[in-house]
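Heads up, the thing below is written out as structure tokens.
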Amino acid sequence: MITRPSLDQIGIGAGKKTRLYRILYQHGVRNGTAIFLPYDHGLEHGPRDFAGDPGSGEPKHIIKLALEGGFNGIAIQIGLASKFYWEYAGEVPLVLKLNGKTDIPAPPDPLSPLNASVEEAVRLGADAVGYTLYVGSPAQERDFAQYLRVREDAARFGMPLIVWSYPRGAAIDARGGRDSFYAVDYAARTASELGADLVKVNFPQPAKQSGVPEPYRREISPQEAIDAVVRSANRTLLLVSGGEHAGDEAMLEKTRESMEAGATGLIFGRNVFQRSHDDSLRLVAQLKEILAKYPS
Amino acid sequence: MITRPSLDQIGIGAGKKTRLYRILYQHGVRNGTAIFLPYDHGLEHGPRDFAGDPGSGEPKHIIKLALEGGFNGIAIQIGLASKFYWEYAGEVPLVLKLNGKTDIPAPPDPLSPLNASVEEAVRLGADAVGYTLYVGSPAQERDFAQYLRVREDAARFGMPLIVWSYPRGAAIDARGGRDSFYAVDYAARTASELGADLVKVNFPQPAKQSGVPEPYRREISPQEAIDAVVRSANRTLLLVSGGEHAGDEAMLEKTRESMEAGATGLIFGRNVFQRSHDDSLRLVAQLKEILAKYPS
Amino acid sequence: MITRPSLDQIGIGAGKKTRLYRILYQHGVRNGTAIFLPYDHGLEHGPRDFAGDPGSGEPKHIIKLALEGGFNGIAIQIGLASKFYWEYAGEVPLVLKLNGKTDIPAPPDPLSPLNASVEEAVRLGADAVGYTLYVGSPAQERDFAQYLRVREDAARFGMPLIVWSYPRGAAIDARGGRDSFYAVDYAARTASELGADLVKVNFPQPAKQSGVPEPYRREISPQEAIDAVVRSANRTLLLVSGGEHAGDEAMLEKTRESMEAGATGLIFGRNVFQRSHDDSLRLVAQLKEILAKYPS
Amino acid sequence: MITRPSLDQIGIGAGKKTRLYRILYQHGVRNGTAIFLPYDHGLEHGPRDFAGDPGSGEPKHIIKLALEGGFNGIAIQIGLASKFYWEYAGEVPLVLKLNGKTDIPAPPDPLSPLNASVEEAVRLGADAVGYTLYVGSPAQERDFAQYLRVREDAARFGMPLIVWSYPRGAAIDARGGRDSFYAVDYAARTASELGADLVKVNFPQPAKQSGVPEPYRREISPQEAIDAVVRSANRTLLLVSGGEHAGDEAMLEKTRESMEAGATGLIFGRNVFQRSHDDSLRLVAQLKEILAKYPS
Amino acid sequence: MITRPSLDQIGIGAGKKTRLYRILYQHGVRNGTAIFLPYDHGLEHGPRDFAGDPGSGEPKHIIKLALEGGFNGIAIQIGLASKFYWEYAGEVPLVLKLNGKTDIPAPPDPLSPLNASVEEAVRLGADAVGYTLYVGSPAQERDFAQYLRVREDAARFGMPLIVWSYPRGAAIDARGGRDSFYAVDYAARTASELGADLVKVNFPQPAKQSGVPEPYRREISPQEAIDAVVRSANRTLLLVSGGEHAGDEAMLEKTRESMEAGATGLIFGRNVFQRSHDDSLRLVAQLKEILAKYPS
């Protein structure tokens, strides 16, 4: 097991530390781990993502799930944050997602445009902001430019910055795809090099080797892969994404491996809310049971 | 008993509500009341205030007292906030006091100059800012001007603003002095009219009637006086100041009357820390016992 | 009878006209006249002004009075506007009073410092802003400087500007005092020359002639005096102040004369709210009966 | 012996730490102590201070003294920094003194006006900036205002801020004077409360008790006094000023007591340079011998 | 042998001189030469560059290597600088690399987008900033625009600017490629013409003549080539890049030739850290032995 870096080791000032302390030690399992509930699917995929369970389209229903489930934070876009968070202000940490896009069209050079600012996040009482960076996209120049402003503002306001570090684009597709160990490893490192406080990545799939650079063309276990990814992120705390709806046992196994590797926690959306309320709470309880075994 | 206004009734947005919720419901007695520990005496009076108990001059000792005593917040100046808070970031809410002055000289037109900004408070992770307003000072024009900028910034950043509303100057001295019911009542109302979220006032002394306007020249009980002051503050939450070191029983009585009147809580400094550590904790426990009887 | 200028004649753009139309034709008597309820006494005089009637200290009570009485607007400071107006937003027009001061001390060079901005008035949904100008004060230089910024902002945001044009200072005292025909006439003209959209003045007292310039040293009736004052204000709409609590008949007479002179209306505070709720409503009904006779 | 706070304990970021590390561990005795050479006497007192030794008026001579003596830094005004430092750039750390004044006239409300900015200090390659704060001066309002801007800029640029914390004014004169234990203790604390990284104070003279507040009216040794002053400064590193030319033995004793108390070092001007070059170097060697005994 | 320009000859002010003096005379061989350790491979190539030696992916390991090896500076991106440098602040000079990009995709018009500012470099205590300029890229217009802002800021803050001057693009490929004498020579001169203080170039390969302009189509030795490149850079100090991992003897030879030509030093990454720690230190010792022979 690799030890997660403590909040005293990662070069952050009082404001970022205060907010991360709140997220990691005053909510959820309260042991330095975290499970976040992301809920931007209405923008990123459209209401089709809520088809399975009608309640999942209701923001109020989801915030209540975050409260009842004892999440460490809920990550939403500016619209839902404005309309729904005030009612539960302070009860669950708010992660304001600052950029986002629809999934139509799907241009070859994806970029997630800003739709809110760090200052608004401060005004809303958020404890972190989120930014989607498309690693490998031909739009990197514009992406880095808007990211730079976000990172500087986050530093100025002592606001923790979570980077959704997503491999995307034809160059990625030609190198094992967005979930390949190579792509995830590079994405984790990129977020760290660019100064993210936390990074959200997909769980790496080392079997996806078609077209990946030489060092990634070898047989390794998922555990070895996630170990390497956490090392690549170094002092950027790592959150594992849930991705598309998968089987519960697969989720629990992925969680165990991630925590064993030194990840800080999870950011699970569809896997959590695309089911009945009770079933969601049951799964969350199981996930938190695992997190409880990895205090720091 | 007058009911304290709830956080939904006082016209604040999500950010101020988040931060006040944290202070009022996630620390201290967690029932909507508050006891704050102010510690700016080193600037306002100099180290002479720490003469009785050497430990009281050590900021680290005081922050630990705030943690052990379970205070709702600690109010300090920028210097101590920068040097000491990072170590305890998030463990106790920080109230950054934005202005302050030494007690020498003592000019006839007192004004407390700014020495920090709301933006710095955000960067440090503070949950509120404090501003000393000298009601009745001939320097009111400059005072209101710098207060205006602070209030606007506090609104912009969703940062609760606590006004230390202190009657001062010759006009006040000629009207019963700074603790007269008249002066305290006016001070509470002034803070409310000027948009403070919380106001810190001295406990009113209705016997001080020399020179006060007509309506205040009558026999009323301390309870009736504090009732009126809380009404004057209306939707500005009221905190009662400890003032100079007084007897414990007097403090407890003052606390009971204030809470009965609908005050939100206390902001006690010298009465709390100018004694041994154990004795401080004992008194705080007694005060919190009273606060526990006034949930909202 | 002098005809009041119509909204098409006073050189205002669409924004100011929209907001004034709302005030003058969609509230109150709806005939182009107005009766405003000012409520900044808690700041200007302190809670002593509410001594006679406890309810008068409750902002909520006063706003309800404005609604039940069918006022054309309520003029309050930023604090009460922030804490109370949201509940009644849009039900009665808001006049945000931008400056104010306590009545202690009482310096020889009075100035009313800003405590809010026109931009905040826009954000709160106000239909006008108020500014107190102390005509004759030795502080005129600073007064005009801050007034200039307010007027420019009001122009930029299409926000009607009501000037509380108050003669003050030793030079005024030496020339018949603040209510002399001379002083009021000069105050009305000053506001007009400086670009006020509306001006609030005291009712002129032509008998106060000690020390006034030659042309004002003559016997004229109150009606002639107020006629002249309205003419001096020309296309700046004129509101008559209630001043200290006076007899009802005097108030009604003053109202009749003002409207006859071409005033747009009244701005009555203490005379209206320093009495029982029912009595307040009765007086307001009488005043509106008079206003109804002066459509435009 | 009180331990000096380490650079990891005082809440500073990488920039301030880098520059302080350079000063404290890469120059002078290189053990965390410091001896600075201040040379602003030409502005503060005029060339009369150089009368004893003609060479002392030559900036180049003084910089060479700083180099040969192995000082931790030289503190000069913008003019000498611009004209002389480039020649020795990087060889000895530069402390750019940002404010200063002539000693004529000597107004009752002394204030040291700014004559350079932190940005200029960055541009010149300085490792710290100096600011004179006149504690107790009636000009405190303007003093704090300009200090605030300096402190904020110093934070923004990661530039250590040394406050020359000097008690001044009639209120100080009436309370034991500028060297009284009371005044020095208050001055040290004020700098700490206002966020100075280092503070320069005079050595306290506990015998000066005329008019001082009660707790200071007692017999204590110089050692006890400087112990208390260092405690009052807490995490603000303390430098002891040389003051007017005194005897060598007195200087050495003062140095021993200061270092024993936990001071970080010395800032000696006239005592060092108002003598022959060789004699200066001899004294500096003796002082550094003492500093060498207090590593941290 | 061509003499390197001294710091007094290159038209820089006190700040740049102070910082360069520190780099060139207070670290490394301390004779005016330099060997830098660049470590931005995690962003530029991804973690695959660390595959050979797991430790090489750990930023802490690399900083320790820089300290033990006695490097003149370490060049890293903002993320690693924020998270790791504070721990070693001041112990080794920091070169903050201001731009960077991933190696996927590889567009025909490469540009390295900014991800940090010179002001941040100042705040972190950096002694230089680095900027990658892609000479020959079709994106030159945007490249020069962002470079201009960096150079201006560097001038304003007295911060030395190192340009990574890299020939890139189809036009370069058609003229001998990025390492041709022609391309390197042009790159060195471009950086000098655009105001770089130092320039990092690849070692020129005069044999690559396919498509190069006429004057470069001749037989010259590597020594003559590097001599010419240093002359082209004139008063811009020249650093030779290590490039991809090569044989040790080739590196030493390249170093000898460069120093002989008047280069200021080396900036070697993969050749230094893609091996065991001890082996790295051994190679560095050999390189510094060569540098020691070229004092200035």
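Things to note:
Read from first to last, the chains carry the letters A, B, C, D and E; within each, the first residue is number 1.
In this section, contacts are C-beta pairs under 8 Å (C-beta built on N, C-alpha and C of every residue); 3 or more make two chains touch, one makes a residue touch a chain.
From a predicted model like this one, the values you see are computed outputs, not experimental measurements.
Looking at the partners of chain B and chain E together, the chains they share are A, D.
With centres taken as mean Cα positions, chain D sits 35 Å from chain B. Centroid to centroid, with C-alpha atoms defining each point, chain C and chain E lie 71 Å apart.
Chain A and chain D have centres, each the mean of its CA atoms, that are 49 Å apart. In chain D, the positions touching at least two other chains are 11, 13-14. If the chains shown are joined wherever they touch, the resulting network has some other arrangement, not a path, ring, star or complete graph. Inter-chain contacts occur between A-B, A-D, A-E, B-C, B-D, D-E. Residues of chain E touching chain A in their complex: 40, 42-43, 46-48, 51, 54, 57-60, 77-80, 82-87, 100-102, 104-107, 111, 113-117, 120, 142. Chain contact summary for the complex, chain D toward chain B: residues 10-11, 135-138, 140-141, 144-145, 147-148, 151-152, 169-172, 175, 182, 185-186, 189-196, 213-216, 228, 231-232, 234-236.
By the touch criterion stated above, chain D contacts chain A in their complex at residues 11, 13-14.
Interface residues of chain B, counted against chain A in their complex, comprise 7, 13-22, 25-26, 81-82, 85-86, 89-91, 94, 119, 122-125, 156-158.
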